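Labels run A, B, C and D following the written order; every chain starts at residue 1.
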Amino acid sequence: MSKYFKAKTVDNISLNKHFRLLNLSPLSDIDIPQPGQFYMLQAGDTYDPLLKRPFSIFRHEDNSLSFLYRIRGKGTLSLSHLKSGDIINAIGPLGNSYPEPHGDFIALAGGIGIASLLHLLARFKNKAHLFYGARNKEELVMLNEAKALSKESFITTDDGSEGEKGLITDSLMKFFNSLPITHYPLPLYACGPTPMLRELSKVVAGKDIKCYVSLEEHMACGVGACLGCVIKTVSGNKRVCKEGPVFDIKDIIWE
Amino acid sequence: MGITPNSELRTPNLSVDIAGLKLKNPVMTASGTFGYGEEYSEFLDLNRLGAIVVKGLSITPRQGNPTPRIVETPAGMLNAIGLQNIGVKAFIKDKLPFLRQFNTPVIANFFGDSIDEYIHAAEVLSNAEGVHALEMNISCPNKQAGWIVFGTDPKTMEHVVTAVRKTTDLPLIVKLSPNVTDIGLTAKVAENAGADAISLINTITGMVVDVKKRRPVLANNTGGLSGPAVRPIAVRMVWEVYKAVKIPIIGMGGIMAANDALEFLIAGARAVAVGTANFINPTATIEIIEGLEKFLIEEGLSDINEIIGSLKA
Amino acid sequence: MGITPNSELRTPNLSVDIAGLKLKNPVMTASGTFGYGEEYSEFLDLNRLGAIVVKGLSITPRQGNPTPRIVETPAGMLNAIGLQNIGVKAFIKDKLPFLRQFNTPVIANFFGDSIDEYIHAAEVLSNAEGVHALEMNISCPNKQAGWIVFGTDPKTMEHVVTAVRKTTDLPLIVKLSPNVTDIGLTAKVAENAGADAISLINTITGMVVDVKKRRPVLANNTGGLSGPAVRPIAVRMVWEVYKAVKIPIIGMGGIMAANDALEFLIAGARAVAVGTANFINPTATIEIIEGLEKFLIEEGLSDINEIIGSLKA
Amino acid sequence: MSKYFKAKTVDNISLNKHFRLLNLSPLSDIDIPQPGQFYMLQAGDTYDPLLKRPFSIFRHEDNSLSFLYRIRGKGTLSLSHLKSGDIINAIGPLGNSYPEPHGDFIALAGGIGIASLLHLLARFKNKAHLFYGARNKEELVMLNEAKALSKESFITTDDGSEGEKGLITDSLMKFFNSLPITHYPLPLYACGPTPMLRELSKVVAGKDIKCYVSLEEHMACGVGACLGCVIKTVSGNKRVCKEGPVFDIKDIIWE
C-alpha cells in the first residue's frame, strides 16, 4: 500500500466556468484519507507543467477519490483536460487532518475552501454551523450540498448576488456577539483565502475557542522534503504539507 | 532488442568508486531534495540507493527565506529556500541515527557564510559516525568578503576548499555553481585545492515576475532553477569538466529518467544525483537504477564503468 | 477587470525609443529566427512589428555546420546552425529591397571571426539604405586570439566594441552572451565601450547525448539553448543589467506570450525580441503586441513606458 | 486563407502498435496540398514537447486532411493521445511537391515513407510500379491500399515475413536489369530512410532516369526561417522544408 499511486479518471464534471469535480478510481489499494488531508495530483507526464499540485480530499467512497477544484493556471487547466479513462499520478493522503469535533462545530469556508470542509461536514452530518462566503453566487460552489449537510448556514457574497452582502467573517462576528457567552466554545474549522484567515485570527483573538485553519502555500514535493511550504509559528518554521495543512490559529505568526 | 541469452543471465555491475567511497550503484539523491531521508523512506527502500546526500547543513541552524519559496517555470522550478536547516549538531543527534540503519553511504552537504563556518561544519561532520563523505556547497556568498559567491570567484574558492581540505580526511566533494563563464576552470581550481571529486550542477539563478503585482513571485526575488529545463546545460558542463580534471564527477541537473542519467554518465560523470524528479515521482531514483541495469543488458555490457566518459565527440 | 470606460476608449501608447530609434511598439524579432523577413511575411503584416532583426551576417558568406543542427529539449531547443548566412553584400543586394517596402525599422545583426571582420561588416552595413541599427553578436570566438569568445572576455569585448563604435554612426546594439559569471559587468563594459543599447540573452551552451550512439545528437556536439526553458534565467539577467547600465535594454529569451514579454519590460527591458516562439506560432509577435495593449488597458495605463523597469524588488 | 490554422481531430485510428492514422478537419479555409508537401503538427499547447513536427500529407479530401504517422518519441506520442474533438495547431501545406508524372512511374517506399507516396499513387491511379520495403510485415503499413492503387508491386522485408526477403533497392536493381534499355526512363519517386535513399543514389548512378527523393531533417520552423534543415547540394545548401523536401537525386551531395 503506497501513497504514490496511479488512478483512473472516472469523470471530470464541469460545475460551471471555473469549477470542476474530478472523480478518480485508484488502480491500487490506498490509505483512507481524513478530512483536511490532501493529495498531489498531476495530469499526464509532460514536464510542462512539471510539478504536481495539492488538492484537498473532497469526498472518499470505498474505492473512489473526489476532488473539487477551481481552474487557475497551467496545472489546474491541464487537470481540466482529463477525460474518462485517462490515467493520472497521485501522491497521498498527505498532511494532518482536522481534529475530530465532539458535537457541534463551526465551519468557515471561503470560496474553494469548501473543498476541504465538505468532507468534514459529510463525516459529521447536521453538526455544523456553516459560514460560507465567496465573491459572488457563481463562486459559491457546492452551496446546496454544503447547506444540506449543515445544521444551520450563513451565506455571504461580496456583491450580494447570493445570501447577505458582505464578508463572511463579519457575519461570524455577529454570530459570536449573538451568543450567550456560555455557548462558547464550539470548535471552529476554517479553510479559505489567506486574507480571510488573517481576518478570522482577529475575530477569535482573545476568545476562548479552539480554532483550526487549513493553510495554503506553494508546494513542490508535498511530503516534507523540499522545505518550500513553510510558515512561521510560535514554535518556529512548520511545513504546511507535513505538520499542516491544519494548524491551531493561535500558533500561527501572520506576516 | 539485441539481448544475448547470457547477458540476460548475469546481471551487470552497477557499482562505482568515488574517491574510495564504494557505491552499489551510481544513483544518489541531490542535496535539498530528499530532506534527511526520512520523508521518502515510506516510498522506497533507502538501502537500494547508491548514496544519500542530505539537505545542506551549516554550523548553526538557519530559518531560511520567507515564502513564496517555490515557483514553477517551463519544465523547471525556482527555489529560494534560503538554506533553511537544523544545523550540524541537531543533524548528528536527531537525523543520523535514522540514516545509520541503512547500508547506504551518507554524504553530508554543508556550507557557510565564511571560511571559518565552512571549517567548523566540516570538522564536526567529519567526527560524526555515519557520515561517509562531505559535499561542499560553494554557491553561497562570503559575507566577510563583500558577499562574493565562493564558487564564482576562483581565488575565494581556492582558499575555502584548501582550508576545508586540511580539516577533513573524508572524501571531499566540491559542488560547483553553474553561474560561471568557465566551469572547466573552476573545476580545475577545486581539484588543485584538494577536492577528491566534483559535483555539478547546482541551480542556475533565475527570476519570475508577477506582472500584475510588478513583483518577483519569490519573496527572495531570485531563486535557483532546477529540473529538466537545465539538463542540456548541465550535461554540457559535465562534459567540459570531464575534459578539464582527473578526479571523479557526480553529475546532476534535470535527471528524470534512466536515459537522462545515461547522458551524464556517457558525458563523463561517474555517478549522478536525482533532485527535482523526487518531487514529481518519489520512486524516480529506483526506476533510474533499474533503467540503467536494463540499458546495460540491452547493450550487452557487463559493467556501468564501460560507458562512463564514452562520449564520441 | 478594473477597466474604466475612458481607458477603454483611448488606445494606450506602445511606442518606445531605443537610442534614437523610434519603434511603434517594443516587439521585435530575434536574430536567426525570422530569416530576412520573407518567410514569415505570408503569415503576418511586417508593418506591425516594432522592428525586424535579421539573421546574423558576416562580411563573407558562411556555409554553417553539418546537420543535425537542431534538437529539442524540455521546453527548449538547441541549435547549432553555425551562423550560416549569405554575407552582407548579398543581403544588401537581394534581401534589403524587400524589407525596404515596410515602414518597420530593420536591425542588422552581424558578427565576425576577428575584429577586422566586425569592422568591415559594420562599415558595409552602415552605408546600406534601409538598415536602421546594428546589433553586434559577440558570442563568437576570436579566431585570431586563441578562440576566446569575444563576449565572455571583458578585454576582448572592449576592443571589438570600441573598434565597431568608431566605424558606425547607426545606433549600436551589443548582444550579450549569457555564458558569463557577471552579466552586469559585461554590460557595463559594452556601455563604456560605446554601445547605445544592450540586447540579451543570446543562447546558453548546451548538449544532448544520443545514449545508444554515445554521440552528441548535434553534429557540432554542443548548441545554443533557447525557448521557454531559459526564460527565468533571461529575466534575471535583464534585471541585473538594468541595475548596472543606463542605456536601453532589449530583452529576450523564451518569450512565447504577452505575459512573458511583460516580465522582461517590468524587469527593465525597453523592448523585447521574440525568437523560438515564431517557429511554434508564426503569429506570436502580433499576438504579443495585442496582448501588451490589452494589459495596459486592463491596468488602466496609458503608456507602455510606465511599466518599463517598474519591478518592485 | 492562412497556412497557420487550427483543426479539429475527427479521429486518430490505431493501425497497429506503431502506426496511427490522424484525420483532421481544418477550422478555416486551407490551401490544397500537393503530393510530397508536408505540415507541421503539434498536439496541445504545452511547451514540452515544444516544437511542431513535420508530417507528409497522406490524404486530402474536400475538407479533411489525413496523416499517417509512426510513434517514435515525445512528439508523435503526444499526437497519439489526440481524441476526437481535440483541437490542434498546424502549419501547411509546406515545401515543394513531386513533379507530376506523365504516364507510368516508379514509386519506391521505405517503411513510413509510404505516407508521402500514397498521395501520389492515389492521384495517379494504376500508373505506379510500386517498390515497397520495410523491416517486417508489421512495418509494411497500408500495404493493401498501396498495392490496390498501383499497376504492379514489388514487396520486400528484411526478415521475409512478407514479400521477398531482402532490400527493396535490390529488387529495384533486378527490375532495372530485366528491362530492355529502351524502357527507361520512367520517372522515379522515392521516400524512406536516408540509408535507402543513399543506396538508391548508387542504383540510379549513371542511368538516364529522372529520380526524385523526399528527404528528412530535424526541423524547427518548417518554413525556411531557422536554417535547421539544410542539406548539401551541387548548388550549395538547400532547406529541406523550403526548396525540398523533394529533390532531384543527382543534385544531392551525400555525406
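We adopt the following convention: a contact is a pair of C-beta atoms (placed from the backbone, for glycine too) under 8 Å apart; a residue touches a chain by one contact, two chains touch by 3 or more.
Predicted, not measured: the structure shown is a model, and the values here were computed from it.
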If a chain touches chain C and chain D alike, it appears here: A, B
Whole-Å separation of chain centres (CA-atom averages), chain B against chain D: 46
Centroid spacing, where centroids are CA-atom means, of chain A and chain B in whole angstrom: 36
Shared interface positions of chain B, touching two or more other chains: 74-76, 227-229
For chain D, residues that touch 2 or more chains besides their own: 47-49
Chain contact topology (line, ring, star, complete or other): complete
Contact footprint of chain C on chain D as seen in their complex: 2-4, 42, 47-52, 74-75, 89, 91, 217-231, 236-237, 242, 255
Touching residues on chain D, where the partner in the complex is chain B: 47-48
Chain D-facing residues of chain C, complex: 32-35, 39-40, 42-43, 55, 63-64, 66-72, 74-77, 79, 81, 84, 227-229, 256, 276, 278-283
Partner chain B, residues of chain C touching it in the complex: 73-76, 78, 152, 179-182, 204-209, 211-216, 221-222, 225, 227-233, 235-236, 239, 254, 259, 262-263, 266-267, 295, 299, 307, 310-313
Residues of chain D that touch chain A when the two form their complex: 44, 46-49, 78, 83
